[in-house]
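Take a look at the structures below.
Both of the next two complexes hold chain A, though its partner changes from chain B to chain C.
Up next is the complex of A and B:
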């Protein structure tokens, strides 16, 4: 293990790997990524594998458009020897109340201002797009054909390999036990395998981000909670887009491999780091799918699992350096969509750390917005 | 053994693919699973798990007993979702 580094990134999910790659690509040297388990073992590896541009805030729309355009060419840009399995087969957002439908219409105005090709669709058209959709219980839908599916393990692996080729060193199964600060300045990172002197630390630990920040006495306004998912046996292709509903509380997509991945939120989850599976989720998920997309209810569930959402007060990430501790950067609070924001996370953080002109203005995602009361809450999160 | 031998019958993963990943440094079951889908299918690793662990052990010199398998998650066997939904509804109210 190195004993000195210019930059230490903590966490090797999509965020940590993308930040490392983007720093190295812009010429930064001597970068180390520390991961307590293996690459992509945390929230990224447990996510729902979708990406979308249908958001309700202008910031999220711009960031997801930037990320989508990167994903479209990521195999080539990252010179990946595998395939990230990008498939732009759309997201169909379904509403079952007039209120939710009105929100979709408002969202689409924001999306169109950002150049996102989304549109309202009639229930007849929704039924053409997804023939097994139970439109009897719906009031309307919105659709964007450029949203879709992406393999989180392969995408993170592509960033990891590209970063490694540029000289980034990854220490897996290495746990951070302390962060050394002297006179308000980062001095080093302590791990269970040895210490590294550094002046810059990037907290990309998502679910564990607030715990890590506490090591240097910083309270981040975040909490983590379990979100569960299940997957079915693979079957012949029968559904192109992700079907997503906020009020009905559901997202479900058929992967290119043929299995269906689906999830929903559970109210009243404890705010901790548990990712066990619950029977309650399985029952609620089964009831929801049987009601909304009955044909999928005929399939067998083969596994359920869970990952952590790292929730911020306005359900948007924090990209910033922390005042009072020079050299301490945070990229966290992704609120369930850190995977699909991977490209923008890496770009924004690398430019911030290196003092470069920002490609995309993410200053609204500063840490102080919560203390300022300057929130702009994302309305469309499952 | 013929390297084209299928190790994972759910996802058609061959011995060659497993050995290639191990040689690239992916030396845990969890990492190999995530890049190949081995153990993600209907058998949930009940068929392929031991075979993959044996390959890792042979390549790294570790004992199989010291290697970790993926987390065991429900259900134990595949169950149709509508059956779970119907049962759940019966027990409501």
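Up next is the complex of A and C:
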């Protein structure tokens, strides 16, 4: 293990690996990534594998478009020896209230201004796209055929390998136990495997981010909660897009293997780091699916799991350096969409750390927005 | 083949009932599973493997594996080793992962 590094990144999910790659690609040297478990072991590895450009704010539209365009070429750009398994088979967003439908219409105007090929679809057309959809309970839908899926493990692996080729060192099964600060400046990182002297630390620990920040006496306005997913037995292909609903509270996709992966949010989850599974989720998920996509309700559940959402007050990430502790950067609070924003996270953070001209202005995602009361409210989050 | 005598188990066979296997009329007994009735009638191939489409037959017999999954009355992926035979059932071999409606 190195005893000195220029930059130490904590967390080797999509965010940490993308930040490491983007820093190294821009010429930064002596970069170390510390991961308390294995690569992609946290929220990235447990996520629903979708990415979408159908957002309700211009910044999220631009950021997701940037990420999508990267994903489209990621195998080549990252010179990956595998395949990130990109499938642009669409997202069908369904509304069951007039209010939600009106929001979709507003969102689409914002999306079109950003060059995103989304559109409103009639219920008949929605049924053509997803024949087993129960349109009787819906008021309308929106669709973007360029949204879709990719494999979170393979995508993180692609970033990890590309970063490694550029000289980044990864220390897995290594837990940060302390962060050394002197005179308001980062001086080093202590781990259970040894200490590393560094002037820059990047907190990309998502679910564990607020706990890490506490090591340097910083209170981030974040909490973590589990979000659960289940997977069914496989059947022949029958659903191309992700079906997603905010009000009805579900997202469901069919994997290339034929199984369905589905999840929903559960109000009142304990705010801690547990990723256990509950009966309650199975029951509520089954009820929702029976109502919205009844044919799938017949399928048997194979297993379920959970991952941590790292929730911020406005359900948007924080990309910033922390005032008062020079050299301490945070990229966390992803609130459930950290995987699909991976490319933008790496780019924004690398440019910020290296003092380069930003490709995308993400200053609205600064940490001080919460203290300023200047929240960045995105209408379309699960 | 049927086991008529067993040192521990007894078989209380119900009445004989009719069903179809891939459209062919078959006979079985009330109280036995679909797979048991097919086995007794000499049907060893219940389905095909997913990748190479090779024959798949009776295997775990307790509903844990996917070897005996068949289409029963139009419904795919029915585990015939734990599903009881009923009068008039339509039982078909399944190739692939099953299509649901």
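Brief remarks follow.
The rule is short, and it goes like this: the second predicted complex is superposed on the first by the 382 of 382 C-alpha atoms of A that agree within 3 Å, B and C clash if a C-alpha of one lies under 4 Å from a C-alpha of the other, contacts with A are read in each partner's own complex, and residues count from 1 in each chain.
Heads up, the rule we're going with is that a residue touches a chain if its C-beta (ideal position, glycine included) is under 8 Å from a C-beta of that chain, and two chains touch if they have at least 3 such contacts.
Treat the numbers as computed from the prediction; the structure is a model and nothing was measured.
Using the contact criterion defined above for the overlaid structures, shared-chain residue A:302 touches chain B, although it does not reach chain C. Once the two complexes are overlaid on the shared chain, A:282 sits against chain B while remaining clear of chain C.
Counted by residues of chain A touched, the larger count belongs to B, out of chain B and chain C.
Touch criterion met: A:233 reaches chain B and chain C at once. Residue contacts after overlaying the shared chain place A:364 against neither chain B nor chain C.
Residue contacts after overlaying the shared chain place A:127 against neither chain B nor chain C. In the superposition on chain A, A:119 makes contact with neither chain B nor chain C.
Touch criterion not met for A:180: it reaches neither chain B nor chain C.
Contact with neither chain B nor chain C is seen for A:25 once the two complexes are overlaid on the shared chain.
Once the two complexes are overlaid on the shared chain, A:290 sits against chain B while remaining clear of chain C.
Contacts of chain A with chain B, set against its contacts with chain C after fitting on chain A, overlap at residues 233-234, 296, 298-300. Chain contact summary for the complex, chain A toward chain C: residues 132, 233-236, 238, 258, 295-296, 298-300.
Chain C makes touch with chain A in their complex at residues 75-77, 96-101.
Note for the complex: chain A touches chain B at residues 38-41, 45, 82, 153-154, 157, 231-234, 257, 259, 277, 279, 282-287, 289-290, 294, 296-305.
Across the complex, chain B meets chain A through its residues 11, 28, 30-31, 34-35, 37, 40-42, 44, 71, 73-75, 78-82, 84-89.
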